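Both of the next two complexes hold chain A, though its partner changes from chain B to chain C.
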Partner chain A sequence: MALMAGTIHVVEYNALVFRRIWRGSIAVSFFTPLFFLAAMGIGLGSLVNRSSGGVNGVPYLDFLAPGLIAAACMQTGAVEATYPILAKIMWDKTYEAVLATPVTIADLLRGEVVWNTIRMCIVATMFWVVMFLFGVGHSLEALLAIPASILTGLAFATPIMAFTATRRNDSGFAAINRFIIIPLYLLGGTFFPIAKLPLALQAVAWATPLAHGVALTRGVVLGNLTSTEAVMHVLVPLAYFVAGLLIARALLLKRLAK
Partner chain B sequence: MSVLTHRRTSLRVPTRSMHMVERNVMAYRHNWIVIVSGFFEPVLYLLGIGFGLGSLVPAVSTGGHTVSYAVFVAPALMATSAMNGAVYESTSNFFYKLRYAKTFEAVIQTPVGVEDAAMGEVIWAVIRGCLYSIGFVVIMQALGLIASPWGSVLSVLAALLIGFAFAALGTAITTFMRQWQDHEIVTLALQPMFLFSATFFPISVYPPVLQAFVEVTPLYRSIHLIRGLTTGQIDAGLLVDVLYLVLLGLVGLAVASLRLRRRLLK
Partner chain C sequence: MGDSNSLILARQLTKRFGDLTAVDGIDFEVAKGEAFGFLGPNGAGKTSTMRMIGGVSPVTSGLLTIFGLDPAQHGPTIRARLGVVPQADTLDLELTVRENLIIYSRYFDLSWREGARRADELLEFVQLQERAKDKVDELSGGMKRRLTIARALINSPELLLLDEPTTGLDPQARHLVWDRLYRLKQRGVTLVLTTHYMDEAEQLCDRLVVMDKARIAAEGSPRELIDKFSTREVLELRFPIDEQPPLDGKLNDIAERIEVLPDRVLLYTGDGDEAIAAVHRRGLRPETALVRRSTLEDVFLRLTGRSLVD
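For the complex of A and B:
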């Protein structure tokens, strides 16, 4: 258990800070899916269903809702891996204080990844509940949407933490959001099938973890995933997560070890 | 000291705002990439929602006309981006200057007054929004989403007015904020406006009571104005939109100036 003790301390630190700000954060995590599913799923969905009879054989709401859960975890995982981490490396120098204790750099990284997972779990669970209230995903397997979307978010969290470990200021974060997160959110299979994109962009989309994460989450909710598809949609995000973790570990060691 | 202790009770017409604008231009000189990259976001929305999602929604009826989904959604995205730019600049950036950088405490030691500073911040937010609007209109024109060249020119002017109204409103609201978490309230107000103001679908899908409610919100009026201009459906209703936004902007500016005076001249 000694291995986990340091990790748990890092998670506990984050939870203590979160205790003071959770109200606004929880409100946003609840109202965002409520507004999005009402407006895009039902309002816009009524136009989509009327003119093309839904998407891939299901009503637009059923198509959209699981994709949005995966995309929400991508956004949470990405944001949590930027400003809060750089603040603790540079601005508040929290890690300098932490590393003066028996907690190691590896503990730090594990603790931050676990904390990010907890944040995504809150977001995904709230979203799942709202989706359930809208009448989508009424099956036991649909609960798998929560781990599937967390996996999607983790595939972004660790590579972005690796990037953060190299930063001296926050100007790169706006670029990550504008040139990676927002384009993927809008074009990566959440709002319309990737097959509607030009061929070259389809290839790019399938190389990213979001497309696989969305397909996985959607597949478990709609219950129409083949086992080959399931394996591929798990392996691609998992590969991003593991590679990101290893690189982040090496870069944090370089930055923080004295 | 005498200047500070002598508190005026009525607002002065701001005449030295451009000094505040110049300060912001100088401050951004080395960070211009942040401003330029803000242009991509609405364009991505146009491609993703207008054309990607639009491929699932062949045609929409608006004001008695039937138009393609991209024609329908593009003016709404333009109005939303004018709103977002103005609100972001006048809330997050303005809050940072007010609370942490203490920029205004330095500014009012000079002949530039509180009214000049408030107006200058609003003008700066409007200029920034204007750059994005021009870029967006050029793309819309190139993709054939605007009915006439007049529509392009007038819609840029309309976007300026929208930027002014929301920048004034945002500045006024920010003077009431105490901590960063208060910004989540802004997010919670902006998001439903963004989603329900006839942005992605006509409000005719709502029951009449809800339609009437949406029609008095500022983003709905903004989208109605720009959509009228870009689709060429010009009528007296557009004047209501203009009056509404002018009034909103002036009230916001007055509240912002009064609150700033109370906060800074103590």
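For the complex of A and C:
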């Protein structure tokens, strides 16, 4: 089989299933950012702007919107790497059927990562459109917010897939959400600058891919990123993604080829 | 080494999971066009053997080739020519009956058009054409099994692996599955199946191995095995509950061999009617006395001292 054929077929399967729910899913991807930017960006933002003249020299909406895109991709990437994957491993045993064909475990993993990327791309694009409608990011470089936020999500997707490959039930997923995703969402630089955190927590925040993903996405939208910053904010999430991919591959092999 | 007609060749094939030896150095060969069975109770190592043949489970030690190829090296090539019906249904509950077949055809790199054509053809073959647009969830157990078989045929495999194809089905559904498998055999598809039903093995298999405790206990055609390990007829005696008399010695020279089970006594003999008469002459009054032909169940009992289905 051609190198990428197996990967493509795994993506096709996901697309076929998604076809039943795509309208609802896209509507959610549009209305969620709409409400968020209206409430937090304009509502809360007017208070922030009045009391301190915005954040880091820009109105609060401009500061918040790009960070939210990166955070939304983190959430999508994380969720897509948990329940749907475990279902295919052990509840519905879909992978057992797929692995009886020429498709390999490496194909499966690549296909799921590509599909997760497509899901994040839908979320990020809808979010970007809403942000554009709110008058933020009216530049060509601002479009880079879409790949930047997808990179952020991928940095969570593959390590969490590796975790999923070791699970016998779904109880660990709630813990991931409670102890990693939600704290990062609230404290990881999306709603206020990391510099406002206590020093120790700043170090923790910068060790996670979200802080870098948010900084990268915000930087390309506001057009105020130095190239050194850009490289660092790309490399950290990329390292998480690659390490997660390698570990997920090893653990899936151990789980599925016994 | 086996001759070049062997589709599957195993020598000292072994599978271990940690300390557990699931398959313990077994030898067998399957020829092209044959229907070959692994008969044995649960836990005998049948499924582990099938998973190794299917190229999804790595061999621990020994030799295994399928189509003359090593599954460790050529997994995808082997799997492209195989059809697999797993023990538990792995159908996609999110998709319709027809979509299940079409998406599966894609994993074999068939075009959408060709996949759709084969899906319709196979739905007819397994008599599910009227359910094409239904969700899989709505199908009965027998229909799901037939759909799983149709799915395994989507790549026109030369070799079909069936792990307990009719376990859990009612008699009517089983006969329908057997009928379809028989037709496939007539078309020249090689069948390899596991079962713990002796009637299934007798119906479908040209040749089989009896597996017990990770090893092969005997090999041959159903007829050969019965001739070799059992008698022509069996007399089954049932005594009233709690009244099975002490038999010590009383039946001894009536039959070639006697098995005393918790609920009945089996007398292995060439002439069942003569044996009944002898039993009565010795003053024993069984509640029922039934003469039947020997089956693979008797072979299994003889070889292992246990029944197949506990």
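Heads up, the rule we're going with is that the second predicted complex is superposed on the first by the 256 of 258 C-alpha atoms of A that agree within 3 Å, B and C clash if a C-alpha of one lies under 4 Å from a C-alpha of the other, contacts with A are read in each partner's own complex, and residues count from 1 in each chain.
One rule holds for everything that comes next: a contact is a pair of C-beta atoms (placed from the backbone, for glycine too) under 8 Å apart; a residue touches a chain by one contact, two chains touch by 3 or more.
Since the model is a prediction, treat every value here as computed from it, not as a measurement.
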| item | value |
| --- | --- |
| Greater chain A contact set [chain C / chain B] | B |
| Chain B versus chain C as contact partner of A:93, first or second or both or neither | second |
| Touching partner for A:83 - first (chain B), second (chain C), both, neither | neither |
| Partner chain in contact with A:196 - chain B first, chain C second, else both or neither | first |
| First (chain B), second (chain C), both or neither touched by A:36 | first |
| Residue ranges of chain C in contact with chain A within the complex | 17, 54, 56-58, 75-77, 79-80, 82, 84, 86, 88, 90-95, 99, 103-104, 106-109, 151-152, 155 |
| Residue numbers on chain B that touch chain A, as the complex places them | 31, 33-34, 37-38, 40-41, 44-45, 47-49, 52-53, 55-60, 181, 184-185, 187-188, 191-192, 195-196, 200-201, 205 |
| Of all residues in chain A, those that touch chain B in their complex | 21, 24-25, 27-28, 31-32, 35-36, 38-40, 43-44, 46-48, 51-52, 55, 60, 171, 174-175, 178-179, 182-183, 186-187, 191-192, 196-197 |
| Of all residues in chain A, those that touch chain C in their complex | 1-2, 5-6, 9, 12-13, 16-17, 20, 92-94, 96-104, 256-258 |
